[in-house]
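Inspection log for the structure reproduced underneath, given as structure tokens.
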């Protein structure tokens, strides 16, 4: 087993937060109707309604890929186009699931710092061939917030992109696998980051921030929710004992601990970033805005890291380090020591 | 909340067995690679290999519908036909998921007591138009064991059906959502009920028998396992923190408690059946072979039940009662009293 | 090459009617926009509007399977159910194309003489589980008129079935691969047989009655037509030089020759039926209402037929003979002689 | 109706070559089995076998989109990736049909002059994540020859790209909608341009070069042909009277007229290109290698053209002119005159 102290692979390699585990255990009492027709699911809906400051429809799932795919299927027809950044998680790391569930095509656009840019989107939509039967038809915009490279859209940027999308008749999906990290980093409210900025459907992930396979499709327009139960069942996304996911999600947003965890992970990454980029030869591939660092490292550093005991992901020539909510300071210190030692061999 | 004592709706309305919960909690320690590349998943594979007395490939999922669909997708091409009983769960209660994941068509056949019959299958396959491009091509046979109406195939019957399927070039999928109840009732080994009888892929459900959204696709032919990781990801069936499902499944088959629970539930149902069918006007719709009763009840009994506090499902004019592994004897007594009181008003 | 005189295999083994060929040749003059944005296609729309006595939207295709599939895709969602007779062409002979194009599931019902019956349909829809996410949702009814076994619904029966479908919220698709034979046999108008009786979309085949790979999707509700161009393109059903199909279809319905051809073929089959069923051992499998005969024949007759020169299809123990619009009387006589000779060896 | 003299919109706005029409008419004689089991289809197979100097399996279709999609479905699994140039016809102008038929994802790559480049392809495949379940798996390479912008790969370039694809385990599909123009321009044999260079499946279009909705899927590896009949039927791509397409295709390659037509169209475009680019302000957007010109034109020229009688397509700020095989010289002269008049107003 990997020693957690040295494990920087991802925020999904860690476990659950104590109060989430307690909620899961508490949900074991009594009997409950299956498939989401239970009190825990109803409570989850109420808590999300409170969190987002408006009525929402929330569906519990256990897969983030499923969550994104179901959300997108509510927006796009089989002959549709879903616009996204070329590095979007849905475009690269879901093995075609969004296309499978929607039948639509992902249209990938470039953009600085892994973010879509308003002018690029606007031009792409203008040239998308709306009404032309030889072209897939624009239906949805995907925003990955934070991006897979740990960068963030400001609420103003999201509003601007949503406005462009809506003007062209598209609906907006936010992939919020690390939604907590985004809210924590931006200091905004969940409402400001989503429906107030124009987001129609949110896939909110809790798994990476202290839950156990607990994801939520949050729908801000009731009409979009109508077919979701059928699409979920057909897609194998309905949980027999849904209460065990709903109970986690209800607890997740019941107080501010989800944000505190995210804030802590973000802060660890920022601190790590500052200390490492002070070293010779260590450069950032992407700005550090949440709990992830993408670094270009000197060969000697890579060699030192490869001697262990550290775990992290390599992406081509780059290295990714993710700070979990429960990352221990000692591990951070050890990582800095290792990299410093290799980058500054004389010291 | 429903009072568990009186809840006979389904075996998925109950909670988890104590040792399963413990295993889930224990899996929370340390970090682990996501997506099934972890020690708990490896242990699960080993334990299933021991249980089935041969090497198997096991994949953890959280949805029974997903489990069936992934298993079938390993067997059938998009232009394929999957033969099943007309009351098969995959044909009636999965909102088209098997067709969605496979692209294939389900061909539904009749059969006494909700079971496929060898002669019917053989004739259907002979007339299926193998090689004729206007016809969907026979690829797979689905056996639901136990059936959705609680009846069982004997191991001999399974072997006979599998032999017919194999002779016609089909592979065999067993939907074992209540696999434990079948093994317990038949007194056979898991191996005898599956690959020794000719089953190629098993969808084994643990959720209804004491686990929390834990299902396994068990593959008996390594070649069939090759594409499953890709199909699972594309189908939103891969769990980010798969270890929490694998740990449950590994524990589930680690000793005989899964069979003891199933035996207990089966016995409760059989006892209930004997006592109820002794009453006037109470008749069985299907033989009671596992933990489910399908009854035709006098109107007065239905009226009495509807006054509460009992919970059960109505299917048209019939009533379904399911005994959970943790069903309390007092609830059984209360149910018998209620039905007896209405069926024998003078007593 | 098969001698046409003796060829009773199908009405799609024959060629084109002279005026259809002329229309096709005439369409070769000049240039025209591709993909159906041409004058021939516009003329086709006008002529169908005249024929059906109301505005219709008509789309030209070259495949009957494509035509049915596109029509159904306008009616059914991916999690939908399409109700049809168990012997419906879309259920048996299109290799799953309707499911591929719609994502929906075909629900097959029994019915005397290969026709759906109102009570059966009504009951099936009542039990279909509308609103229940575990069940595919009722979206469409398919009526195959004539049926694949050459039987016909009366306009009253169609109206009754459509009324039931509409009452349950379904839309109605008519598979009119032999629409001409139905109109000719019933002596009704195309309008009476379709939208006046409640049909929402018609797949009208001209290929079997004198055209060359020319089929039309005829939409009676403009809202249903909206997405068809996109679904056609995505399904590879849009013709680059659509004018060559549209010109055939425009000519096809420009006068009454399509009906005369169908009447002639129907009459030949009826005559053949009367003469053959007068012979000992020759019995009808299905009533002869259009241009097809399904016969059970004595072994000696089958043996005689197998010596040639006749061509016909065998379906299990039965024999199918189809009379083409250009079937020559001498071939009919020869066929009767052959069968009579074998059935009455002494004569 | 558009005056053909002035119609430069596309090569699919024109009619059929005389001998193709004759072949179509001749196919009307007699009866023939439907769905491609006929003598014309067999003859077509033989003629293509002769043309390609090796046994091939050829399937007749009426849609180029269908042809590409069926060919790709023979190569790629539903969780697969199909690599293509970002301007590939299959990626831009088929409304998602290739994805619909294959289930796979198109991965679009950049490349100079609308052509894929070996280094780009090699790097993309190296980074494609083969074996990683979160990534779509590399299955096929699409080469559009000629490209949609009228540029050509040399046979050496095709061989190099195919070698890279094969080295990474991919099969190669060539979209040959204008295959004749490529063969004519390169002066190579059909064999050299395809299987000798490593192409596994070819979608050969005849429609744009003198046929009527006649396309062929040409398979160079028999194993790849096995499932095509089923996929074609399921995709609505099987023609009831396939002989009318097969007869055209058999005639199409029976002598050199298909190449002569293509050579003529290519020569007209080259001549036009030379004369127009000599004018001030008229520049080529893409090299002219076949029968298509993509031009950037001065505003005054566009204004002059818009006054008529010319027909051509605008793509954003650019203009596309296509020379048909039967384009009349007088039309070319008129077009040059118009553009020259506007570009050189004083002359």
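Details
Letters A, B, C and D name the chains as they come in the text, with residue numbers starting at 1 for each one.
Methods note: a residue touches a chain if its C-beta (ideal position, glycine included) is under 8 Å from a C-beta of that chain, and two chains touch if they have at least 3 such contacts.
What you see is a predicted model, and the numbers here were worked out from it, not measured in a lab.
For the interfaces A-C and C-D, the C-beta contact count is higher for C-D. Centroid analysis (C-alpha atoms only) places B farthest from chain D.
Look at the contact of chain A with chain D and you find the same residues on each copy: over half of the numbers used there are shared.
Chain geometry summary: the mean Cα position of chain C and that of chain D are 34 Å apart.
Between chain A and chain D, the centres computed from C-alpha atoms are 42 Å apart.
Rounded to whole angstrom, the centroid-to-centroid distance between chain A and chain C, based on C-alpha atoms, equals 51 Å. Counting only residues that touch two or more partner chains, chain D has 78-79, 94-96, 100, 103, 133-134, 136, 230, 233-234, 238. Taken in their complex, chain A has these residues touching chain D: 78-79, 92-96, 99-100, 103-106, 108, 127, 133-136, 316.
Partner chain B is touched in their complex by these residues of chain A: 1-4, 7, 9-10, 12-16, 21, 24-25, 27-34, 39, 61-67, 69-70, 94-97, 100-101, 207-208, 212-213, 230, 233-241, 244-245, 311, 324. On the side of chain B, the complex with chain D involves touching residues 35, 77-79, 103, 133-134, 136-137, 227, 229-234, 238.
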